[in-house]
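Note that the chains take the letters A, B, C, D and E in the order they are written out, and that residue 1 is the start of every chain.
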Amino acid sequence: MSNIHQKTWNILLIVVLGGLILGLPLFLGKYYLHFFIMIFFFAFLGSAWNILGGYAGQFSFGHAAFFGTGVFTSTLLQIHAGVNPWIGMLLAGIAGMGLGLFIGFLSFRYGLRGPYFALAMLALAEMLKLIAIEWMTSRYPLGITIPLRGDSLLYFQFRDKVPYYYISFLMMAGALFLTRFIEVRKIGSYFKAIRENESAAEALGINVFRYKLIAMAISAFLTAVGGTFYSQYYLNIEEESAFGAGISIEILMGPIIGGAGTVFGPLLGAGILEFLSETTRNFLGGYSGVHLMIYGAVLVFVIIFLPHGIMGGLQETFRKITKGQTKT
Amino acid sequence: MESKKKSRKGYEINRRTFLKMAGVTGLAASPIAFPAVLRGAAPKEILIGSIHPITGPVAYDGTSLDQAVHLAVDQKNAAGGIKSMGGAKIKVALMDSEGKPKVGEAAAEKLIRDGCVALLGCYQSPVAMVTTAVAERHGVPHLITVGVADELLERGFKYTFRTQPDASNMAELTCKYLRQLSDKFNIALKTIAVLHISGFGAVVNSKLAKFASRYGFEIIGSVSYGIGTPDITTEISKIKGMNGDVIVDVGYLSDGILKIRTYNDLKVEPKGGIIGCANGAFSNPSMVKEMGRLAEFLMDGNYWHNPRSAFARSVIEEYNKKYTRVIFQSHAVHAYNATLVVIDALERAGTSDPGKLRDAIARTSFKDHIAPGGPIEFDTTGQNKNAMATLQQVQKREIKAILPDEFSDAKPVFPIPPWSAKA
Amino acid sequence: MIILEVKEITKRFGGLVALKDLSFKLRQGEILGIIGPNGAGKTTLFNVITSFHRPETGKIFFKGEDITELRPYQICRKGLARTFQITQPFANLTVLENVKIGAYNHIPSSREATDEALRILEAVGLIEKRNERATSLSIGHRKKLELAKAMATRPEVILLDEVVAGLNSREANDMIAYIHHIQKQGITILLIEHVMKAIMSLSNRIVVIHYGQKISEGKPEEVSKDPKVIEAYLGEEYILAKHQRS
Amino acid sequence: MNFPGLPLLLQSIVSGILMGGVYSLVAIGLTLIFGVMQIINFAHGSLMMLGMFTTYWLYVLMGVDPYLSLLFSIPICFVLGLLIERFLITPVLDAPAHNQLLLTLGLSLFIENLALFLWSPNFRTLDIPYLQTAVTVGTVMISFPKLVAFFFALLLTAFLYYFLKNTDLGKAIRAASMEREGALTVGINLRWVYCLAFGIGTACVGAAGTLSAPFFYVNPSVGGIFVITAYVVVVFGGMGNFIGALVGGLIIGVAESVGAAFFPGQLKKFIIYFIFILILLFKPEGIFGRRSE
Amino acid sequence: MLSIKDLDVHYDDVQVLHGVTMEVRATEIVTIVGANGAGKTTLLKTITSIHRSSKGQIWFEGERIDHLSPHHIVDRGLIRIPEGRKIFPTMSVLENLELGSYLPKAKALRSESMGKVFDLFPRLRERTRQLAGTLSGGEQQMLAIGRGLMTLPRLLMLDEPSLGIAPLLVREIFRTIREVNHQGTTLLLVEQNVFNALDMAHRGYVLENGKIVLQGEAHDLLGNEYIKESYLGI
């Protein structure tokens, strides 16, 4: 099989898929647009989590801390200092990264691992939520509203969903690309080495502490950037959907279900979860609680039967098939 | 129906013209037209959406609101549907918001896509912030069933309306009624201590601070607590220690249950009593049912139905006959009223075109509702000008309105008897 | 020239003294074998040299520089690599990726690291397995992988912890040949080994430790005749039995 | 921040201790499960809710006194725990920790919403006059149902302590939590021990539910209120440490309650999380734990 | 008494034992020697059902046992004293021993067995209240053996009992092991200390890379050139 041939196919595939995705808004109603925006958005956040949790193996149960930091940073800068939300987005990322480096420094310096690290992150997000609640009680008891400016690319506000669709798609594509970029390079190999075996990594000359911090910084930066997108999409923020444990869970669920430590796992997971939650809600939402029962049950079964996520399951099957072939 | 279908299609196309792409029209219309055709095949039916949290910690309130929407619609359908539209029946499509803005947005989009001509929701203001924005974008009227945030109506939205009295109204009238009680029973009341939950409680607290002095009160302190706090003894000890003449209490049903028990345990008995303001527990029949003796004589300045209205009483009776899952509570009054407003507007507009429906709602002057006060009329922001809070008191295991006189069905018992005297 | 010096190292675990005042020197280019009965402190010694454990007293010098306080990765960067007795592969990564991680120590580019890793895999005889996951390797292959990873970091000194034990005789012979090959490249080797044949034939010198203390040092043939060593190694009973029999 | 007077301080300490008893009871079940199986059980709160509902329905439908219903809620939750362990946890025992965590999360979502579907979202209470009494000592009020809960918590902890310390089965559980292989070599059936530990852990939280029902409300989503605090307690006392959970519960209860005397609103919880993170960072084995090499 | 036929064991994709066939007769001391990683511990774990075999059979006293659960194996009297002792560190010496007689049959004879154990290891009697984790390595090994004896073993399998123990204590432990054997318990001993083990045993097997490469009477093996060369370098 010639390489050139393969390349042509790849390019063709990308063109077709890209064209399909870029053209999709022409065919979709707003509901489906929202549905896809949520998939892209959570795939983006999932990818951000994936770099730290899936590749570097540091299971964060409190990514809402970074997300909420992003949500609040750009919004408050916009409202109180008139900072443009696009610049705010960058600053939000930096703020998230700063927080990530801070908590990462403490956690990794004192060797928090596994469930302990997960719980520390959970507590961090909860602490930030409480601070937000207390701070907002006297100023914005029911949330902060970003002033409307109509359709404006400059102000990152659109009356229609189509621009959000493209922005979220670009963000996701960027995150997936970044993940792939990292995966095949030294830094990605180092992350995986740390995930698999810290002392062996250290013995091979990897500054484990430093690389964990790098993973944390990238992950926190992206997650906080996602926070700004969230603010600008809803134009209204409050503490629960910024710092709540629900957001932390939603962020990590995609990569876990889809396959942590794989490039497309977060996208696959986000797609499946959004689809599942929308369909169960649409068909069973009228019966109080039934849709979440089913959602919970599906989650339980996926974890029992696909412990490495869907991508992991696919890879395993693929491996078995190819192995079977080489044997015969 | 026919006209509606066309206009919906036309609307979608207009929204997309900015794409400046020829030939898009047919493509864009087809997936949207498909369900519309299906709807067309069904008998005349007007769809309205109900977005409420029917799962999670506030599922109780969400369910009571949704039931009220259903009740109003069922009654109208039983009475022959929308007469001006040839007896068209209305159908309520319920979507769970799970209390999340993200889910609320999806719900609103889906309901509008499915052809809902009006939305009703959402209880939690952050969710309503999002759903009203969706409705505004699509040009579909959105009635707020319950949602206290001022911001909901401060964004210049044309399609958002609220029948419920706002936080200012409830806070001001609570102060006013307190002053009236003080004068009538000749008990000097000067100082107020406020115990409030964060979030909406903080809003009410700030409004109380604004209006207290107008009625001769001084706020000597406030204590706040968080949602889902497992124990509230220290907070209540704190407020007790402030020795105010009156304790004004703001919160939800769940924390209210804990507070009432703790007030009793600590024998908190200020001379002007413990008075709720916009309190989700104090004028809630469910609380009365659950707390029994301890509920007796509790007061609350809150929205409530008009006890003098036979219609209101019959609605409640029917509600409780029909729904045993969650019984009638004050929230349901405004969910019911909001639905009536939509029905009335449909009747007057004679069309389900959302734009025309919106104009009809804006021109509402609706007398046959179940709340106290004058006819429902909206100001330019969409707020019901004539909404008003009343003062309720639990008397003999029933919630009675006691002030103002013209909307009351009992005399106030004041000063509030001590906890030990409750039977 | 002395490339590595272990000077008066003492290491305790709770009440247990794992290493006591241990000193020895490693000369450039040699293979120094460390032997001693199970639990003598050999692996602890490696952990102390590579800073996985901090000694209570004593110092480690590498090329004259005090490296006692450095972190393990810094020691590796200085050119001191190690293998683990219980092999520590990156389980879910392929063999090639495992070795590449070592190669990244001095090669930043992925492509060049791949080339380097493939070269080393070829040399240790794992090239066929390059795309298999490390968990699917047999114990013999795991030992080779362990060595390949360490070699990929381009060390000046390499610490080998029982790389021959557990191999079958053909594999063991290959491994011994490869260790000689490493020495020929100018790399100094510190070797812990259980398989006596291997250590006797490989080592230029041998240090014997017992209960954390050095009890003998010298050429293999000298050491194997040292009564203290025989006693420690074979146990008193054996000596006694031998006496009785003879 | 404002400084409270002495009566307020005393009151907050006492009510903190009482509440702490309940936290301990919730945490003991959690710490047992974690200690033996190294599983973070996020379904713990919803199991507590089931305990509360057991008590509630027994009272409403059959007039069983809430404290008497311990005789039912404990075995019901115990059996439920056994079943959950056997059919849901066993398959993921060797899976990565985060999978176990998400599994219990899915389970809790299922249980909570099943309860919502079956029993509606009403906030229910046990309206029994003797539960509405309080004892006053000086200026300090002691709520009767909380006092009972506190003593039951002590009693159950003592009972469990005795069970684990002095019975063969209890020792087997401890042995399995310390040294799995050692336990296997003396003939301890690990699968059964895991089942049992999960069952006992669930029974504990069921008892906590029953004991909380008299002073709390009963609602499908009520479990979440206690369970995060219970996590703090578990980490505080050292994961797997019984006495740590008891004392940790009391300390956290007091910290929260006294915190409320000093700080407004939600900041009392902030203090708890702050302590939590400090413990995780500097003493992850818990305040009573020994650092192991 | 114990016979193993053509046993294969895999860890994930890796085969650890290849067609191991061996037997232990009543009242014997049999030893398995071999280097680290040769598969000795895996063999013992497979016998006690902690690992499952992928092929082959294990028979104990006329019963096929390779499908039983670990606690059933213990109940049959087939006891393993694991490498690294695996005592319960935060329990007292007494509690450790009590747990040895956890199963009903052993429990019935608890105090009797306890007396025997204390006679064998007087040091343990002095330390009944002490936490096991605070004992010295040798004492811990004694405790592990004592705990194993509490289970009323018919066949006792010891995995590296001399590992990391002071020589004086090693001697004591080996003396005790002999005594246990004299009292009628069959022993299967896994050791790296080849000469000690062969010196004590009746028969021996040499395990290399998961295969039995050599077997025979212990004294014959002791004189075997291959063993001398591979394991001693003399």
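Methods note: a residue touches a chain if its C-beta (ideal position, glycine included) is under 8 Å from a C-beta of that chain, and two chains touch if they have at least 3 such contacts.
Model, not experiment: these values are computed from the prediction.
Within the contact network of the assembly, the step distance from subunit C to subunit D comes to 2. The chains that touch subunit C as well as subunit E do not exist here; no chain meets both.
With respect to subunit C, maximal separation of chain centres occurs for B (centres as means of Cα atoms).
Work out the mean CA point of subunit B and of subunit C, and you get 75 Å between them. One inter-chain figure worth recording: subunit D and subunit E are separated by 42 Å, centre to centre, where each centre is the mean of the chain's CA atoms.
Computed centre separation for the pair subunit B/subunit D is 36 angstrom, with centres defined by C-alpha atoms. Contacts with at least two other chains are made by residues 130, 133-134, 137, 288-289, 291-292 of subunit A. Residue positions of subunit D touching 2 or more other chains, listed in rising order: 113, 116, 120-121, 220, 264-266, 269.
Not a single residue position of subunit E touches two or more of the other chains.
By the contact rule set out at the top, the touching chain pairs are A-B, A-C, A-D, B-D, C-E, D-E. Only residues 26-31, 33-35, 38, 130, 133-134, 137-138, 141-143, 145, 148, 159-160, 162, 234-238, 240-241, 246, 278, 281-282, 285-286, 288-289, 291-292 of subunit A touch subunit B when the two sit together in their complex. By the touch criterion stated above, subunit B contacts subunit A in their complex at residues 12, 15-16, 18-19, 21, 24, 27-28, 31-32, 54-55, 59, 63, 94-96, 98-103, 105-107, 109-110, 112-113, 125-126, 129-130, 133-134, 137-138, 148-149, 151, 154-156, 198-203, 206, 224, 226, 325.
Listing the residues of subunit A that touch subunit D in their complex gives 53, 59, 61, 106-107, 110, 112, 114-116, 118-120, 123-124, 126-127, 130-131, 133-134, 137, 249, 252-253, 256, 287-293, 295-300, 303-304, 307. Considering their complex, residues 184-186, 189-190, 192-193, 196-197, 199-208 of subunit A touch subunit C. Of all residues in subunit C, those touching subunit E in their complex are 15-16, 37-39, 85, 135-140, 162, 165-168, 194-197, 199-200, 211, 220, 224, 232-238, 241.
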